[in-house]
Each structure stands twice: as structure tokens, then as C-alpha cells.
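So, here come the structures, one by one.
Look at the two complexes coming up: chain A is in both, with chain B in one and chain C in the other.
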Partner chain A sequence: MGQAFSFANIFNKLWGVNKEIRILILGLDGAGKTTVLYRLQLGEVVTTKPTIGFNVETLKYKNLTLNIWDLGGQTSIRPYWRCYYSNTAAIIFVVDSTDKDRIDIACKELHTMLKEEELQNSALLVFANKQDQPGAMTAAEVSQALSLTDLKDRSWSIVASSAIKGEGLTEGLDWLMDVIKDEQL
Partner chain B sequence: MSLERKIRSFLKGPRKGETFELKAGLVSQYKGERKDAIQRVIQAMTVGKDVSSLFPDVLKNIATYDLEQKKLVYLYLMNYAKTHPELCILAVNTFVQDTEDPNPLIRALAIRTMGCIRVARMVDYMEIPLSRTLKDDNPYVRKTAALCVAKLFDLNPEMCVEFGFLDQLKELVKDSNPMVVANSLNALYEIRDMNTDQSLKVFTVNEQIIKNLLLCLNECTEWGRITILTTLNEYETTNVEEANHIIERVTPQLQHVNPSVVLSSIRAIIHHIDTIPVTAQRTSILKKLSAPLVSLVSSSIPEAQYVGLKNIRIILEKYPQILSKELRVFFIKYSDPLYLKLEKLEIMVRLANDSNSALLLGELKEYAMEFEPSLVAKAIKSIGSVAIKLAGSTVKSINLLINLIDQRGGDLIINESIVVFTNILRRYPGKNDLNSLVIPVISNHIQDMDRNDALSGYIWLLGEYPKYFSNLHDKLQVLIDDFLEYDSVLQLNILTTVVKINLASSKGTQYSGLLQKVLELSTKDCENADVRDKAYIYWRLLSSSSTKSQKDIILTKLPPIKTTIATFNPVVLEALVDELSTLSSVYHKPAFTFIDKSAYSRLPVDKRTKTSSKENIEDLTNLAKQEIINNSKNENLLDFDDDEDGATESLGSGAGSLLDELNDLFTTPAPAIQHSGDQPASSNNDILSLFNAVPQSTPQSVNSVTQGVSEYSIGSKTNSNNNNKVNNDLLDLF
Partner chain C sequence: MSTSSYKKQEYAGTGSSNALPDKMAVFQDCIQQFNATPVKTKRCRQLLARLLRLIYTGETFPAQESTTLFFSISKLFQHKDSSLRQLVYLTIKELSSLSDDILMVTSSIMKDIQGGDVIYKPNAIRTLSKVLDPTTVFAAERLFKNAIVDKNPIISSAALISSYNLLPNAKDVVKRFTNETLETIQSYKQFPPTQFQLHEYYGSSTSNLPPTSYMYQYHALGLLYHLRNHDKMALMKLITTLSEGSALKNSLSIIQLIRYINKILNDDESLVVHLYPILAGFLKHRSDMVELEACKTLINLQHLIKDDQFMAIITTLQKLLGVPRTATRFAAIRLINKVSIKHPEKIMVVNIELEGLINDSNRSISTLAITTLLKTMGAGTVDSGAGGENVDRLITRMTSLMDEITEDFKIVIIEAIENLALKFPSKHKKLVAFLTDLLRDDGSLQLKSSIVDALFDLIKFLPDASAKQLILMNLCEFIEDCEFTELSVRILHLLGDEGPNTTNPSYYIRHIYNRLVLENSIVRSSAVISLAKFAAVCGGDVAKNIKILLSRCLNDVDDEVRDRTALSLKFINNNQKKLIVSSSKYDLAALESKLTHYLNDQANFSTKFDINEIPLLSSEELKSLEYNRKINKLDSSTTDVTENAESVAGTPAAEDKSGADDTANELLKQQEYAQELSLIPEFAEYGKLSKSTITPFYLTEKENEFVVTVVKHFFIEAQKLVLQYNITNTLPRSVLQDISVIAQPDNELYEEDFIIPLAELKPDSTGTVYVSFSTPSIEDEELLAAFGNTVAYTNKDIIDDEGNVDERDDGWSDEYQIDDLEVSAGDFINPLYNSNFSAAYDQLPNPETSVVTVGKADSLEVAISKLRASLNLMPLDGSDYVPSDSNSHVLKLFGKDVWGGKVGVLVRLALTGGKIVAKIEARAETEGFSSIVANGAY
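Let's turn to the complex of A and B:
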């Protein structure tokens, strides 16, 4: 108990120093969530295995401390996403743009998730990922497939990206930072 | 954030309660707060509060670079994994990552925790991290992984074998690091005990492994050494050179500080000593054992000493000469607790020989002058045992006891001494000098006798040596006057004695009145069926048969007893020597008599729930009844042993009380035979002597009751044979 109420902590709290901003990376399995996370954190592509559970990394970005959670996207783990919703500032939803068959499922998962009470204040960033692959849908197509335009009362954006090549990620994150800064201050 | 929502959340206000507070802390946006909350959660957990509802939130904190926090979260996870089995898989990713961590402590911690989460779904994800850690460069990680294989086997043996973890574990026994070797052995033993699959061969020790183990022995921790020594004890070899090598390597361990290591070494040496063909060599090895055995007794902890003494007793039985020169070590110290004193007496009696008898008797006399009644009683019994063991010390012992009675007196000493006197006279029957030395003393203290065993000894002596007692008629008269107030044991004794005296004395007339009276009392007024039946048998015998056959039957002398020191049945002894330094060596019972295998093996959960329900207990009761009926149909009333074992297994642990009843039922016949040794003239022996068919020398059955029961109930062949014999004889009678 004592530690939490030391003076240093109170000051830090007042000025928002060391405050971590929670961001969730969600999406269907194989969309590239883990690759996005480590591309953002390490700046390199790591070989990944299906995430059973989650990865979490802390990232300093434009004077903000981001706590980025990458949750496993397998059907069996999706129900547990809800455990992570509280105190979430933003959601990064990663979509495999080449996977046209499952885009409907992605759409359904996204909308169910956004109905959650705890996520009403969170911003939404969609990465239309795997743009480096042939036959990938464009950001606009993905946006339409996910019916993003139906979203009301929420700041959202969609960015075409390729985690392998590192394209689009910083743009997306920059947009997110602007929104979060507005919300926080 | 919209204004409306802000107002709403403001109106709601913060939610209160410790759990909410902790929850908020666990998902805080500040690192410090989260760690603090975790600490508080663990704190609540250790004082017994149920904080399982925080499981998902604690779990979120598992991925951290802070080792301290990681340990705490792992601790929480181990504790509450069972409450949220489905959520456990959320931790898998972190576990797998942690087993690749550069820090070996984290790698080991991760695999250990993963093994401790006893959730079936977890097993599916264990393959990769486990096989990775089993091949780790760091020995600490390897040994942790080795133990994890045993945990996995408990959850899913098929998978454990299929993925080759068992084989990898066997390979680890040949590891270069002693710590890994010892722990792999332990894991293999665990697996062997859990294994229910007959076809699966878990572990066999071969020459190669033994060589490696012997190399590791000196570098291990004490627990590792014990494991290795236990393995050596299980290894069978006929190769003399190898046995020699093993003994050579183990011998230095005899000097270890830890008594358990010492005992395990002794056990391993004893196990392999028989392989050595040269007697002189064997003797020289055995000589080396005496110093370490003595060191067990010089420990400063009385409990450790006690365990040492219990083990020494077993070793002494196998090698009586081993400590013959060390009697003084076992002398009782003033400050010893009582249980230690009594156990020391047991050892001293066993060490008695002609050269140290004077010293020993002097010491025993001191103990007999102590104040603790049980010590005094045991000391007197020990004096008797010495007198019976060493013919040369008999007179000295008797004089010593007479002195004791004169100097100190008291009911306890007199009663105990008279029992001892009776036993001594049974050891040396018909010795005039002993009789004339002892019997006057007994006659002088008839009024002081108040215990059945002393009285029955006295009554037996009356019948056996009537001419040494003055006023025999009066003495018998007194006994017959109080006949109906005595215990049935004494009634039986009096009956026999009066019949014997009548038959022996040629005049007959003097005692025939007494005979008439005692027969009438026991047939008409006595409520005990045994007494009545025995009286009828005597009566019929006396009225129908010829005098010669009467004398042959009634006056047959009992064979002399050989010792009053309890000994183990040879089969039991072998088992106990093999289980030295385990619990069975303290109980003096082989392990299988008190360890329920089914309780130890895998998946006992179903059984337990079954037996706890009332219905099933009823079923079991019926089953047990059926069993008893079946058994009673058999000719051999005492041949329960095998069935009893079967019953024990099928009944499981839940029906303990029922089993006790059953055991009582089964074992009651045994103690009855037991007592025949202590009470020279008790019914059984007499009935047996009637038919001139004493099947076994009585001293064999002179045992403390506990030992006796265990020996009879384990069903070792020799004993059940004896039982059957006795039993058949008894059956013939009716």
C-alpha cells in the first residue's frame, strides 16, 4: 500500500509521468498482430508462432509510454479478449487483407467487441495488413467489408499497411497518438 | 469523451471494496501500482483469503521483465490455476517465451510453474518448452525439467511416453551433472510409483548407469546421495568385482553428517555384501559398519537417535555380532526421553553376551531403581531376558531381582519379577537349585500379586512344582474360594493346576475335595464358556480314560522356552533390512502393510468421490460381509491373509473404519496365540498340550503385540502355515 501513495507517485500521477497508455492489438488468427507489435517495438520482423495467450510490450513513442497488448486471435482464445478491455485507450484491429473468406467473421468480431461498455471511449485503428501480398484488398475495400462507416460516436481510422515491410504502421500510430492526446488532455 | 458519459461516470462514483481496489490496482496504468497490487493479492492469498476472482487481472501481469513480479504472479497462478482452468492457456505464450529467456532462473521458473499448473489443457502446450528445457545447457534448468516430466506423467502418461519425454528422462540419468542425475532418478521413481500400465517399463538400472551413479555420489547434495544410494540398493549384481566396487565407493559415505545418508549407505552395503564370497572380507566390511551405527546414537536430537535405534535393532537381528563391543554406547542417559530409554533397553538386551553380562546387569539394576514405572518394568523384564539368554548369568540375575524385591518392593517390582521368575523357570525346567531359590520368594509375596500375568505365573508354578510350596492345600483353597471373582484366564489356570496336582499326587485324597469343588464351580457357576468347556473336558477325561493316558495328556511338560527377546519373522526381517532408513524401519513393518498403493497411484480422484458417498459404503459393507461369510466357509479359519489384501485394495481409503473392524476380526486369533508365551499356563497351550501336539516352540510367539499382529497379518508363508497348523489342531479338538 505504502508504495502507491509515496510522494513521488502522487506527483507522477498529477503530471502524468510514467503513465502507461493501454493499447490492444486484436484481430483474427494469422492477421499479423504479433508481427505488428514487434515491428513497432524492435523495428524488425520476428518469426512468430500462433500466440496462445498474449504478448505485451512497452513502447516509448512521442513522449508517451504505450503499453501494447497483442492478444491471441484463435477462435478458442477470442472469448477471453474481454478480460483485457478495461482501461483501454485504443484498439488496433489488424485485418489480413488477402483473407476474403473470413473478412465477414472479422467484421462480426469487430462489431461485437465495440459494443462492450468498457470500450466505449477507446479509439479504433484498423490496419488493412499484408498489402505486400498479391490480391490484397485495398483499405477502402476493407473499410467497406468491415462496415466501418456504421460506427458512430467513435474516432476511427483505417490504414493500409504491411508489417513485413514496415509500411503504414507509423502513419497509423501517429494518427492514434493525436487522438489519444486529445482524449487524455 | 462525451460530456454525458463523463457525468454518468462521475455520478456512479468509484466502486468500493477490497477486491475492487485490488482489481483497479492490477490494471492500473502505473507500473508501481500494479506491482504493489500483486504483492497485496499474494499477501491476501497467504493468509487464506480467496482472491481467485482476480485471476484474469493477475494473469495480465505475467509478462514482465521484473523477476520479482514474475515470481509472484507464477506463485498466484500455481495456487489458483484449478479455479480457472480455461483461462490458464492465456499464460502459455509467456511460459513458452520464458523458457527461451537468457536467464536460466527464469527458464527454470517457467517450466516448473508450467508443470505445477495441473490443468489438462495445459498439457497440449508443454511439448515444446519441455523438450527444449530438457536439453538446456544449464544443469539447474535440466533438473527442473526432469522433475517436470514426472508432473506431466501424472497428468497424461500416454503423452509423456509418446513424445519421448520418458526416454529423455532416462538419458538424463547419464548426465554429467550430479544434481541432474539425482533429480532424474527421483522423477523416475515417482513415475514408477504412479505407473499403472503393466507393459510400460519405466526404469531399469544397468551396469553403465551404476558406474555413472557411483561417480556422481561424492559430488551430490545429501538428498541426491540418498537417492543414489537407494538406487544402489535396488540394483542386483552377481558380479563380485562390481559388488566390491560399489561397497568401496559407498563406504566413505558412512562418515557423512546426515544420519539418513549414513543409514542409506549401510543399507546399500548390506544389500551387496552377500555377493562377496569370502567370509573374512565380509566380516571386515561389517566391522566398518559399527562406528557409523554408533554415530547414529550419538546424535544430539533424541528423535534422530530413536530412528537410529529402531534401525539398529533390525541390523542387529541380521548381524548380531556387529555391535558386540559397543554396549556402553547404549547405556541410558538421565536426560533421555522415555521412548529412547525403552528402545535402548531393547538394544542392550540384544547385545548381552557372557563377557559383558556383569556390566549389563549392574546397569539394569540401576534402571530398576528409577522412578518411571514403565522403565522399571522394562528393566526387570530385561534382566529376565538376560537370564534366559545367558545360562551363566541366571543365578546372578535371580539374586539381583530378589535383592530388588527386598530393597525396594512395591507392587510393580514384585509383579514384574514374578513374571520374570516364571519365565526363567520355564527356560530351565526341573532345576532344583533355581526352584528352591525362586519359589520361596514367590510364596512370600502372594498377597502383593495383583496382576493377571503374575498370578497366572504363580498358579502355573503351583501346578508344575507343587512340592516346593508349603501349605499347598491352603494356597489352593484361597484361590478356589475367590474362583468366581478372577478373570477367565486365571480361572482356566486354576482349573488346570488343580487337575494337575490331583493327578500328580499319588494320595489324591487330600486334594480331591478341591478338585470336586473347582469342577463344580466352573461347570455350574462360571459364565465363561471356555472355562466351562475345559472343565467338562477334564471331567470326562478323568472319569473315562486310563490313568496312564490321563497323565500323558495332562502332565506333559511344556518344551522349554528359548528366549523372551522378540524376533522378526525371517521374511519380515529381509523386507525390513531392504527398507532401512525408511518409515517401515521405524514401524518395524514392511512398507506394503501400511502404504496403500492405490492411494499413491495416478488418478485416485474418482475412487475417493465414490467411496465417500453413503451408498457405496453400504455396498462395501455388504462386500465385506460376503467376504467374511466366504471365509468362514473355508476350512482354514486363519487363512485370510490373501483375501484380506484383496479386500484392502478394493475397499480403497474411504472405508477406513470398516477395514479396521475387518482387521480386528481377522487378527483376533493371532494375539490369543501370542499370549500363550507370556502366560505359561493359558488355555491354548493347555489344550494343545492335551493332545501332545505343540506345533511350534512357544518362544517364537513371544512377541510384543504390535509386532505379532503385523507378522500375522502380512501373510508371510511360514507364519500362516503355523497359524493353520495351530488352527487345525484347535479344530480337531472340537
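Let's turn to the complex of A and C:
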């Protein structure tokens, strides 16, 4: 039986079925995390309220089961992020590209988070969100503001997106899936 | 494999019996399993159940661990299994008080309420109310409103109850649910047909489930009441709407409605005109619970309703006595029993049903049936001339019944018979005969003691000397053949106290001497003391003979008997009567409290304990105390269960009860006041406190911003009156400073000496203001007065949560007029018991007569209680019980004034043209007081 078990394991690893992949969506409040989550799951825009706590949804994406946790971004809730770090394969960090005033805070939160032991092997995908709005920073500008180039030993990528219009999300997720599959094999 | 391993773990976990699973093991398992992906639902459910069991049995986890636990559990939200989700909610609800991080699940719960499965939606709603805090509650407002009006009654109920739980934290938000709640209470909500079929447990039996229970009406009513109970008009409107037609279908909600009606009526009796028809409507209802509740409420309000209306209650109860359900029969007969205490004549119509219930299989019911019957038949004997037959019939019935029933049952009957004899002294002969017959039959110690107790009480309280003699002789006969040493001793003691004062003491001496010859040493020694008492009291030949009898006992084999004999002989020979019989006793309650006080402080030991501080009670005063206690016990023992229930609904009942306790501890309370006042230096020279009013008198409404009560303290020797105003500040955001009470007497002979003001009164605290007056003496003409009272204070607002006020804020001065206070005749009187009113009354000098109309009383009963309260006298010969159909009554009142003189009042009451006229004849030993009593009675 032990043999069968390990065989199943290998099989699952190869094909990526039945293995759930944990992904966290983080970011400051009002960045659009909940909208991103439901745009991915339902394919439509839902009206959201500030998340007090978290939302969790499971979705299938290209033969993979994704277990996506969207944690609230309010100052009062950020300290609790760390309670959900363990076993996380990837982090999606959503940034409001129009919010130039708080981009520094976003940068700080991001780097503090990435220092955590439990997240050392997680991939990072940054969505420079709200590109549909006038005055939004470009992906490059956001990347610079967040000092993403300083990141070492980590697979990361930044994608310009608009959760409302549905632009950029699949590109970002595709990149993430590739990274995860690579790492698991 | 999996099933067997689960079984094994179950056994290991629960142990052989009921051993709890190990806390840390469960904790570790939980952390491991809840964080695993994918979630194993069945395993997690088992773990949660085990965790809950630990929590329910009182186990707690340290803060760090409960936080870890909570976050692990929150990860289970990723799984959609509805049974798992239900358990998750149960656990979170329990952890909500342990963990501070509980708000992290808010969004997840809200999502479930919006779109989740109907199975766990109610769980989610209930948990949400625990998770919300004042900052997040606004986000949930819409959710709650929608859930309250949900078509599913279970969801609606969950939302209503949760709103109820939210009230303390978020009253403003819940207030906005009023319209939704009203809508729900009037709607029809059906269980969805599929709801229970989803669950395997209910399976096929779901076809028998009723389509709805209307339980949400009960929940909605409870919530509405809380939202409106400060607004009487809104509440009245609610009651009227809901009582129309069949707006309420759920029996529990109707019962709740009746209780709310009861509460309103307790606060404002004038509303009875509007509310009586509603209550009467519920007397005929398909649910017996509702009928019983309506009866109960109406019986509590019986002083407000007419006789024919009262008959409707009795008819309903009569019907309920015949139903098969035991609980209903019991409740009905208990209510009837309650009525029988005060108005036995009103329930004579149900006598036939009651006689049938004597043989009821439920012992509680049959006991109540018998005690009730004893009262109704007793009432018959007082009312009609042919009453003797009734008692005969009753006694015959009792006698035949006594053979069939068990002993503890007999004891209940004995108590009832004693009460009957006390209340209707004229009928004592047959009842005493019944008791003594019973005494002769075989029985256990317990049974015999209760008979002896009853006889003892009768000796004390029956006015008739021949009755006393009759009982004493019977007791003598009993000890001739008594197998219980305890009882013999008690009876010998009583014979020693009572026997010497009878016409034929030698009769008792013979019986007592027989004991000296025939009994064991314990009985012998008490017989010695008893004989000594005869010698001391009777003197003369009797004493001489007893000395001869006692001298033989000096050779008794038992040393105790010899000692007592020697001592007694010594006392008799030296004429030390006081050492053998004492006419007064110490007040034991006061003695105990003084002794405790003395022993509590080592410093006290330097001085000797002063026994003279303890008030001495004459045997008369002792009797009044005992009589009061007896009557109170008799009234409360049958009603206290109901009163307990009522005290939840309305405070008046609870106060009545404490009132009854007060009478028992009156002297103790007086001592406490004296102690308190003696600590205030201003009152030090006033000397001995003569009398204080015991129950504080309310000068404001009880729900006022400031609640003021007053206690009057009289110092007769110093001619001072001290008014003690107790002021409670119920304003949550204000501090009162420099509070004083300006009391304006309408009698010029009262002169204000000084006021001791109160410096500061914080919210929800009580303080005291004293005002001292010089009073006129009894020789002056006007002793009575009324005081107009005004509270003067400086008000300051509280600016922070610590209750501090702004230092720079000078506040604003204000005055507040409160009710007037009267000094009435009753303030100078203490009730006193006397077993022979007529004799005592005839001996009193200074008769004075007045005729008054008793205002605001439409029945003799109300008038009597008013007179009693204003005069503070003790009603004698059971004259405070009025048969409800009579139009005239004679009330006999007796007491002792503060100057030490006795006061007797004979009141003839007549009911004419809806008014009650009282002719008051007062007699008092203290000169000038009888006119005050006669004129100041009302």
C-alpha cells in the first residue's frame, strides 16, 4: 500500500491534479484584492465592501486547484496576515496604481512581509491595478516605487492590470502557474 | 481500515467511562488537521466535537494557544461541507470570548449569511452577533434586516435572537430593526419542505412535521418589547395590535404578551380598563398554557376586577382541573390554592372538583386539593350559621382519609388545620379534637412533632382560655403514654410555662409527678424544672406540696435530676421566683448581631460585653413577633413560587417579599439604624432612637432620574425627628454635588435644626442627606405634619470614561421638587399582639371617636390594608380577612406607642354607595394620643 501511495504522489506531482496550491492575495486596503479574487473565480465584477477578515475561494485553473485567500488590507487587519503565511506557494500583491501617496506604505508592507521565514520559497506576483483609471502609474513606475529589483532569490513579476476590465489578470496568473509548476517538479 | 481506526480513537479518546479527552492532545491534533490541505472533513468534524466538549466542560486554553487554535479553525472556511461549517460556527462562538482576533472571520461569516447554504445560515447569524463589535456592527446592519424578514422561520428566529444579544453593545443599530421585526411578527413563515429532508437524521419522518411553529413570533415579541419598554404608549399600541383577532399564533408568544400586560398593569393600574378585555379573551384559548397564564395574571390583579369577572377565571380553572395533563391540573390547583388564602369563599364553587382531586394519583395535586378544601370549608363556617355541618363533614372526611394516606402527607394536613384554627378561632374546638385524636394514633416522631407543634402554636395564639386548658389536658394525657423523649421534654416545658396560670394547676402537677416516677432521667430532670415553676408561680399550698415531691427526687439515681432538684428547692425556699420563671427574653437576633460585632474586634475585649444593650422583649412582644412570622410564613409558603416567577417580570412582588422579611427582622433593622445614626457626631446627644420607619418610603417614581427614599427616625426623649433621605443618581453622565434637601413642614411646631448635606454623588450610586427637626411633644396639640420636599444640587457633566468632570466647569445649580412626606399617627406606634383584644381594649382609657371616608379604596380589603399601613397596628382575631361579599366589617387593631402606652383601635367599616366609611374608636394609655390616632388615621 505504501508503494501505491508514493506512486500516486508522483502521479499527482506530474499532472498537478488533487494537489491544492495555496495563494495569498495581499495589499493595502482599497487596492482591489477582493475584486481580483472574484474576477478570477466568477469572471465577473462583484460589488465589494471592505473585507473585515478574509475571503477564501477554490478555483480550477489549467488543471490546477488553486486555493486563494484574500486577506483584508485595513491597518487593523494587516498584523493578522502572518497567521496565514504557512504553506503558501505564491503571493499576489495588489497595488492601487493611482494611489501615489501610499505607495511607500505598500512598499514597506511588501518588504516586511517578504522577510518572513515561511514565505522564503513563495513566488511573488505584483498587480499594478486600476490601470483603467486616469493618472495611474505604469507597471515600471510601480516596480521602481516598490523597489522590486532589490529582491534576490525570488521569482517575481509585475503585471499591469485592471480587475474591473479583466485585463492583465490571466497573464499574471499564467506566469504564476509556470513558476509553480517549475518549482514543484 | 479507516472505520476501525476511527473507532479505536473514539474509545481511546473518550476513555472507558466519561473521561475527557486530553487537552493538549486534542490541541495538537486540531492544529495539524486544520492546517492540512486538502481538508479532511470527517476527521475535522470529530476533532471540533472533541474540542467543543472540552470547552463545554469548562476547559480553557491560554491566550497564545487559543489564538493559534482560532486561526487554524478559520482555515476550515475553505471547505464547503455544511456539517463541518456548522461545527466551525459553534466552536468560533465559544472561542469568541477567549480570543481577541475574532474579527478576522467577520467577512467570511457575512458571505455565508448572504449566499451560504440554508443549513448553516442560522449558525452563521448567531456567531456573527458574537463576533461583531461596536465598530463593525454597522457593516452587518443590512444583513440582519434581510435575515429578520427572511421567509425561512429558522433564519428569521436566529436573526431576532442575535439582535437581542446585540442590544447591550449596539442598541442604536438594533433600534433600526423595529420595522422588520414588526413585519416578521405579523407574517406567516413556513419551514421549507426540503430543509429537514436534507438531513439524514430526520429522513422520512419529515412528512409529519408541522409546516410552521410560529416560534419567530415569540422571538420577535421579545425583541420588540426591549426596543419599546421605555415608551408606554408604544407598548400599549403593540399590545392592542397583537391581541386583536389571532395575530399571535404561538402559545409562548401569547404567554409572553400576557406577562408584559401584567408588568404594565403593575406600573399603572389605571390601564386595567383597556387591558382587562384582552386578558379575559385569553381565558378561553385552545392552549391551556395560555389560559393558565391569563388566570395567573388576573388573580394577581384581583383587587382591580369585579366579582363576576373573577368568576370567569374560576370557571376556566374549574375546566382545567379536569384535563388529563398532570402539569396543567397541578398549575390550576395551585392557582386556586393561592386564591383560597385570601378569598376562600370565591372558590367554593369548585369544591366538588377539589373533593374529586383528593384521590388524584399525583400527590402534589391531592395535597393542594386538601389544603384548599380546608380553607374553603373554613370560610363557609364563618359566613353562614350552618357552618358547623361543613366542619363536621370535613372532619369526617379527613378522619376517613387519614387512614389511607402517608405520613408526610398527614403533616401537610396538620399544618393546614392549624392555620384554619388560627384564622377562625371560633371553630377551634373541633379542629383541636381532630388533632388530639390524631395524636393518640400510632405515628412516627416526625408526625407527632408536627401535631405537637401545631398544638403549641394554638395554645399561644388562641384567645380562648378554655381552649388552652383543653389542649393542655390533652397533652398531659399524651405524655402519659409517650414513647418519644424529645416530645415529653417539650411538653413538660410548656406545661411548666402555661400550667401555673390555669384554674386547676394541681391537675397538671399530678401528671408531671407521674413522669418523675415512671420515666427516664432526661424526662425526669425536665419534670423537676416544670414542677419548680408551679411552685414559684402558684406559691402557698402548692409550693409546699411540690417541695415535698421534689425532696424525694434528691435521692434520684441520676445526678442531673439531683442537681436540678437541689437547685430548684434552693430557689423556692429563698423565694427567688425570677430565677425560675422569667417574664421577658432577650431579642435573640439583636443579641447575635451584637455578639458577632463584639467578637470581630480584639479591641472590644478590654471592656465587658454589655448585655443591657440588648433589648428585652416582654412575652407579649415576643408573641407579636412570632405571630407575624407565622402569618407571613403561611402566606408566603403557598405563594413564594409564584412570587419568584413574578419577580422576574415585575419588581413589586420582589419588594413585597422583602417587606415580609423586614417584619421578621424589624428589630434588627432598627438596631442597624441606631448604630448608623450613633456614628454621626451631630446626633450623638439625641440619646436613644425611639423608632424608625422600617421600609423606605419612595418620594419619586422608581424610574426617575434621581430616586429618593426617606426613612423617619424619632428620638422621643430628645424631641427630635431626623429625616434620612437616600438619594440615588441614575443619570449615567452626570455628577451631583452639594446635595441638600429642603424640607418645609406645614406644622410650625416643627423647627429645622440643621441639614447634613451630601458632598458628591457619582452616577449609579446612592448617598444620604440627613435633616434634623425639633418636634413638638405629645402634650402639644399638633403632632402630625406634612413636609414639602425639594432637592437642591449642583449638576456637572462627566467628560471622560473615568467619570471625571471638567475642573473648570462650575456646573449649574438646580432644584427638583419631590413628593410630600407625612408624619402620621402610625409613625408613633409599633404593632403588638394580644390574644384577647376585647378585654385589653376595654381596659384602655381615653376613648376618642371619629368618622372618616377612606379615599381611593373601592373594596373593604383595600381600605383595611390602607388603615393598617397608616396606623401601623396589628390586626387581631383574624379581623384583617374580609369575606368578599360583605358590606360591613369590624377591624380590631392593637399596638404600643413610642411612649410605652398601649393603643387599641376598633374600626367599623361600611361600604355604602361605592364609598367606604370608617368609624374609628381609638383608646390609648398615653394621654392625648388617642385623639391623634382617631383623627390622623386617614
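Note that in this section the second predicted complex is superposed on the first by the 168 of 185 C-alpha atoms of A that agree within 3 Å, B and C clash if a C-alpha of one lies under 4 Å from a C-alpha of the other, contacts with A are read in each partner's own complex, and residues count from 1 in each chain.
FYI, a residue touches a chain if its C-beta (ideal position, glycine included) is under 8 Å from a C-beta of that chain, and two chains touch if they have at least 3 such contacts.
Computed from a predicted model, the values in this text were never measured in an experiment.
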**Asked** Would chain B and chain C fit next to each other on chain A once aligned, or clash?
**Response** clash
**Request:** Once the structures are superposed on A, label A:112 by its partner contacts, choosing first (chain B), second (chain C), both or neither.
**Result:** neither
**Asked** Counting only touches as set out at the top, which of chain B and chain C does A:153 meet: first, second, both, neither?
**Response** first
**Request:** Check whether A:133 is in contact with chain B, with chain C, with both or with neither, and answer first, second, both or neither.
**Result:** neither
**Message:** For A:75, using the defined touch cut-off, is the partner it touches chain B, chain C, both, or neither? Pick first, second, both or neither.
**Reply:** neither
**Item:** Partner touching more residues of chain A, whether chain B or chain C
**Value:** B
**Prompt:** Once the shared chain is lined up, is A:183 touching chain B (first), chain C (second), both, or neither of them?
**Reply:** first
**Message:** For A:120 in the superposed arrangement: first (chain B), second (chain C), both or neither?
**Reply:** first
**Message:** Considering only the contact definition stated at the top, list the common interface residues of chain A for chain B and chain C.
**Reply:** 18, 20, 22, 49, 51-56, 67, 72, 76-77, 80, 83-84, 86-87
**Item:** Residues on chain C engaged by chain A in the complex (per definition of touch)
**Value:** 35, 37-38, 71, 74-75, 77-78, 101, 103-108, 110-111, 136, 139
**Asked** Mind pulling up the chain A residues that touch chain C in the complex?
**Response** 18, 20, 22, 49-56, 58, 67, 69, 72, 76-77, 80, 83-84, 86-87
**Request:** Going by the contact rule at the top, pick out the chain B residues touching chain A in the complex.
**Result:** 1-2, 5, 25, 27-33, 35-36, 40, 56-57, 59-60, 63, 87, 89-94, 96-97, 125
**Request:** State the interface residues of chain A toward chain B in the complex, per the touch definition above.
**Result:** 1, 3-4, 9, 12-13, 18-22, 49, 51-56, 67, 72, 76-77, 80, 83-84, 86-87, 120-121, 153, 183
